[in-house]
Amino acid sequence: MFKHDKNLLEMVRVERPNPQYAVMLQEQLGGPQGELKAGLQYVSQSFRIKDPEIRDLFLDIAAEEFSHMEMVATAVNLLNGHDIDMQGTQPSGNIEANVLTGLAPYLTNGSGVPFTAAYVNVTGDLAADILSNIAAEQRAKVVYEYLHRQINDQHVRQMIDFLLNREEAHNTLFRQAFQKIQDSGSNRDWGVDQDARLYFDLSPGTNHFHVNSPQAPSFQNPDYTHQ
Amino acid sequence: MFKHDKNLLEMVRVERPNPQYAVMLQEQLGGPQGELKAGLQYVSQSFRIKDPEIRDLFLDIAAEEFSHMEMVATAVNLLNGHDIDMQGTQPSGNIEANVLTGLAPYLTNGSGVPFTAAYVNVTGDLAADILSNIAAEQRAKVVYEYLHRQINDQHVRQMIDFLLNREEAHNTLFRQAFQKIQDSGSNRDWGVDQDARLYFDLSPGTNHFHVNSPQAPSFQNPDYTHQ
Amino acid sequence: MFKHDKNLLEMVRVERPNPQYAVMLQEQLGGPQGELKAGLQYVSQSFRIKDPEIRDLFLDIAAEEFSHMEMVATAVNLLNGHDIDMQGTQPSGNIEANVLTGLAPYLTNGSGVPFTAAYVNVTGDLAADILSNIAAEQRAKVVYEYLHRQINDQHVRQMIDFLLNREEAHNTLFRQAFQKIQDSGSNRDWGVDQDARLYFDLSPGTNHFHVNSPQAPSFQNPDYTHQ
Amino acid sequence: MFKHDKNLLEMVRVERPNPQYAVMLQEQLGGPQGELKAGLQYVSQSFRIKDPEIRDLFLDIAAEEFSHMEMVATAVNLLNGHDIDMQGTQPSGNIEANVLTGLAPYLTNGSGVPFTAAYVNVTGDLAADILSNIAAEQRAKVVYEYLHRQINDQHVRQMIDFLLNREEAHNTLFRQAFQKIQDSGSNRDWGVDQDARLYFDLSPGTNHFHVNSPQAPSFQNPDYTHQ
Amino acid sequence: MFKHDKNLLEMVRVERPNPQYAVMLQEQLGGPQGELKAGLQYVSQSFRIKDPEIRDLFLDIAAEEFSHMEMVATAVNLLNGHDIDMQGTQPSGNIEANVLTGLAPYLTNGSGVPFTAAYVNVTGDLAADILSNIAAEQRAKVVYEYLHRQINDQHVRQMIDFLLNREEAHNTLFRQAFQKIQDSGSNRDWGVDQDARLYFDLSPGTNHFHVNSPQAPSFQNPDYTHQ
Amino acid sequence: MFKHDKNLLEMVRVERPNPQYAVMLQEQLGGPQGELKAGLQYVSQSFRIKDPEIRDLFLDIAAEEFSHMEMVATAVNLLNGHDIDMQGTQPSGNIEANVLTGLAPYLTNGSGVPFTAAYVNVTGDLAADILSNIAAEQRAKVVYEYLHRQINDQHVRQMIDFLLNREEAHNTLFRQAFQKIQDSGSNRDWGVDQDARLYFDLSPGTNHFHVNSPQAPSFQNPDYTHQ
């Protein structure tokens, strides 16, 4: 069951309306590395997970991502300002906000492409799902870094800082979950066939990698590996 | 903020696996009249609503729709059964469940089309948004009626009954909300121009409607109109 | 059978080219609340309707919406002007018009997203279809209100006024059609189950709605209810 | 302006319901080579065409394609039969028809993918547009040939025959239109640069084509070339 | 098998970064008339072609189109410049490049719509496929003409010139291939039914075309017809 | 530059046509974990990569994925058999193959959804891109495992074995590349803020993970860690 709490996970403010930046921030509302995508990916994966701890972890993070979505949408709403206006000096505000949604945030990326579940990866295999989530959190962090660089509004920067750090926390948690299951599912029986040891040099050049004894992806406990 | 409760809104069981029906039930997971769509539509509309009661109503129903989504997904998961198998007697189970998701439910409609935010209507105008929601609840009811007719599994029928009745409850609530705001927004200044009173007979035939004094959509309190 | 008449339903002129506004007006050519969507929705619904009057009504309005589409496209074409040019002072004209269509209007929304039938609702149930149409006409009106506010060109404003009023006329007609069928289809047997009377307070707060004796949506004759 | 005539362009009957074939025939309702696509492509192209004869030709054929769409939809509707039923012996009828549309035809291809304007080609250049239309009519003919082979119902075959022959007629007309304009637009100044005369053998093998004096596509009057 | 060669098919340079033009050039990377679309169309068609010469031709051109894609992407990358920045004077650079891809080229059209295989036409019929390819090459030429007109950068113009001329060369080759197969497949048995000889005047007006003895599309050898 | 070699990367045969399985195998032609997606993702990422070794690695693997795509398509083509036929005993063959493509393979997933670049992840950050690729290879392996279990055809199984092992080899290579760059880009300055160390228990329950000193994802050299 899902419940909604009237409080935002973290307060959201903006110094002043900035419709141009609102367009860009929409990316994290309805884009491929956005909060809605993250939440839906983890919820969808959870539907068939049997391990109760990992299922719980996925749903904790999913609920948090939906709460991030609410924060991002709140910021977009404030940045969109008060008045519809595409006639004025505004260089390239969000067209849909001005003609379709009356400045309400909208489930699209920064270019206005509607959110699609084609962004969501679900495999029914824990190793593959958790690696997908680690990669997804890393990509989300990168997008927040890009967004951070392009705004001076201190309140917006603070929100982005918070969200960026939370993605790091999720990344850590998914990595710890991966350690727990890393000898199971698609990670077993890895590299037994010699085809898994070949290198095909189809773009001949300077490559110096070799396929040494292929092994499944695995992480060591970060608390220990860096001692 | 969103939170997840480990209990389902209402318990979900199935008498036996039925992958063929699982395909059909997916319609309400990721289809145009499905639970995800409903939840996202009401949440998205809520982002710019100022009236605290109506905003609260939208979020109550949105959280419930996400909880319905979880119920539908749980049922799909059980109906998908235990083993991937498209070789056997199974006439036309869900292809994606067998090749992509390892029988996990997936955010698509019954034909495998990924969920898209193109289904979601947000206008920034309360009258238009609430009418959209009334229509959406009515369509969701119709889909559940179709689904109800095509399954004998008593547990699945019970779940569909529950969901169908909840859509009726939401419909009633949206209608009551409409009464509250029906003289505002896009419902004001209706039909003042004579172009709003013309009938263009562009498919000449038996039509007997006439555009009598056009007035904005409105509902009377159902408690009184039927006394 | 469809026929085309060389005359526009209503003459379309513009005071001067305005590529920036052409982008915005495209919303009503190929967007979710646009004229193509409306026409295709009513035609698609008509294919299985048995009631001859209502079928006739749907096709009258569908043919008119296609005629509106032609008017909107004609205006977009005039607003796009004479010369491809994204180098100049033009702040954010339609990219596709300049690189793909040679300034011809295109079946996308204002952001360039191609029209998709995912916007079109067809249920096979008259009550649900007509409520969908009432909501659709209300949303189309809202978009025209937004568009009206953002242009000073008197000719364009006149066209938008005409189209906005026609949506009101259609809305009235669909409401009258709803009165005719409101005791049938998905509107029957409403609220018989007690689940239809519950309120789930999943976003606890100030809501004061209660689900009083749930009844199906219905409209009274607007000629009489307001006497 | 568009008008609708209550008569179909040509009467449509079926010997008996055949939901399995209805799925396949949907291809020509909402698929990439379907009637809706054809009609919308020619209408969209017409919006900026200045030559009155060619504009008239495009609109004649567009109106006919919409009329074909109505015929195809009428056949799909009859083939869908009377009762929703995915439980029975029916091997793989249209899922959406059974769970979403109550057996009403739907603007998708045979696999349930919603129609998208991504299928529609508009370039603002008459030579390119007419070549696109010639190719589109040829593809539509091929699809009708495939559909013809897979049905024994004499009435359906008769309808397909009619539609297939009409695509040939349109093809002829577009070819005649091409002859008229073939020295204009993107067909002028062809092959002046030597890069237009090179052959890059990037998949080395048996190819024996050479780029002889490149010239723009052109058709001779078919009445004379074959004398 | 596909191989990659570190050399570009033709060197690509730009005079200076121009993010605004990069947006427009993206059209030919991931748009409906773009290089990726062309390459994938010809490869997809080749999978079932039996004629070794024509199969070879399709794969030669497909490999070249992928090589063009690499050239276009290289130019987009250079035009995007060095620094993410949507705050400055830049009027309407590519939003996704600034928030999602860190200025890397992206498989979308100029408006940010992701590439879709809905653009790709494959029919299993050589006549229809080759006509599709002739039309596709003509449309690609038109887009390059539009792009050429809107840039002063001499290096970019030179690249566009090269690509435009190559599309002409491909067009010539496809036309020669068509001559070889023009009495086969969907081009046989053309116009035998009298329905193929009718003209339906559904948009009554000035049209002067008549359907003279319908014949399948065909080209004469361009070396001889113009002697 | 891309080149095509007439030889397949590895010979492809099938014991007998099996249109039902062809549908499922299409998943790896045009689906989200398919070969086209993989190839386009690595090519797209390569466009802005400066490190010559990593760029070379990406292009080697990309060229191989395109070569896998050709193998999968060849198998689909053979499995589709010789004759269009949806009337017979065939329970649920690919509808599009029978009505649209004349049995040619098509760039869709198993359900007929056209390939979309929405599947492709490009971030401009090497750490995020390589993690995306590791996850993508893991998911591709899982899909091949599902496909392997559902076919008895020894030749097809052999092809799947080959492809599955190659995904393991790529996974290993991407992991080695990650080791090389793991202290750069989005992996630097990780977890410095205390928000990166919090756990939000939004689905209260049995979770026992804690966010211990958050550190960026990293792999140790598999040759040494398992000694």
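Here are a few things to note about the model shown:
All chains are identified by letter, namely A, B, C, D, E and F, in their written order; residue positions are counted from 1 within each chain.
FYI, a residue touches a chain if its C-beta (ideal position, glycine included) is under 8 Å from a C-beta of that chain, and two chains touch if they have at least 3 such contacts.
Every value quoted in this text rests on a predicted model; they were computed, and no experiment measured them.
The copies chain A and chain C differ by a rotation of 120 degrees on their C-alpha atoms, rounded to the nearest 5. Interface repeat of A-B: among D-E, A-C or E-F, over half of the contact pairs recur, by residue number, only in E-F.
A straight line joining the Cα centres of chain A and chain E is 34 Å long.
Look at where the CA atoms of chain A average out and do the same for chain F: the two points lie 20 Å apart. In terms of their C-alpha centroids, the spacing between chain C and chain D amounts to 27 Å.
Multi-chain contact residues of chain E (touching two or more other chains) are listed as 1-6, 9, 32-33, 56, 59-60, 62-63, 67, 91-92, 100, 102, 108, 111-114, 116, 118, 123-125, 142-143, 202-203, 205.
Shown are all chain pairs that touch, namely A-B, A-C, A-E, A-F, B-C, B-D, B-F, C-D, C-E, D-E, D-F, E-F.
Remark: chain D residues 9, 32-33, 52-53, 56-57, 59-60, 62-64, 67, 116, 118-119, 121, 123-125, 127-128, 131-132, 134-135, 138-139, 141-143, 145, 161-162, 165-166, 168-169, 171-173, 175-177, 185-186, 190-191, 193-203, 205-209, 211-220, 222-223, 225-226 touch chain E in the complex. Chain E meets chain C in the complex at residues 20-21, 23-24, 27, 31-33, 91-92, 109-113, 142-143, 146-147, 149-152, 202-205.
Across the complex, chain B is touched by residues 1-9, 30, 36, 40, 43-45, 47-48, 56, 59-60, 62-63, 66-67, 70, 73-74, 76-77, 100-108, 114-118, 120, 122-125 of chain A.
Residue ranges on chain F touching chain D, taken from their complex, read 1-6, 84-87, 91-92, 95-96, 98-100, 102, 108, 111-114.
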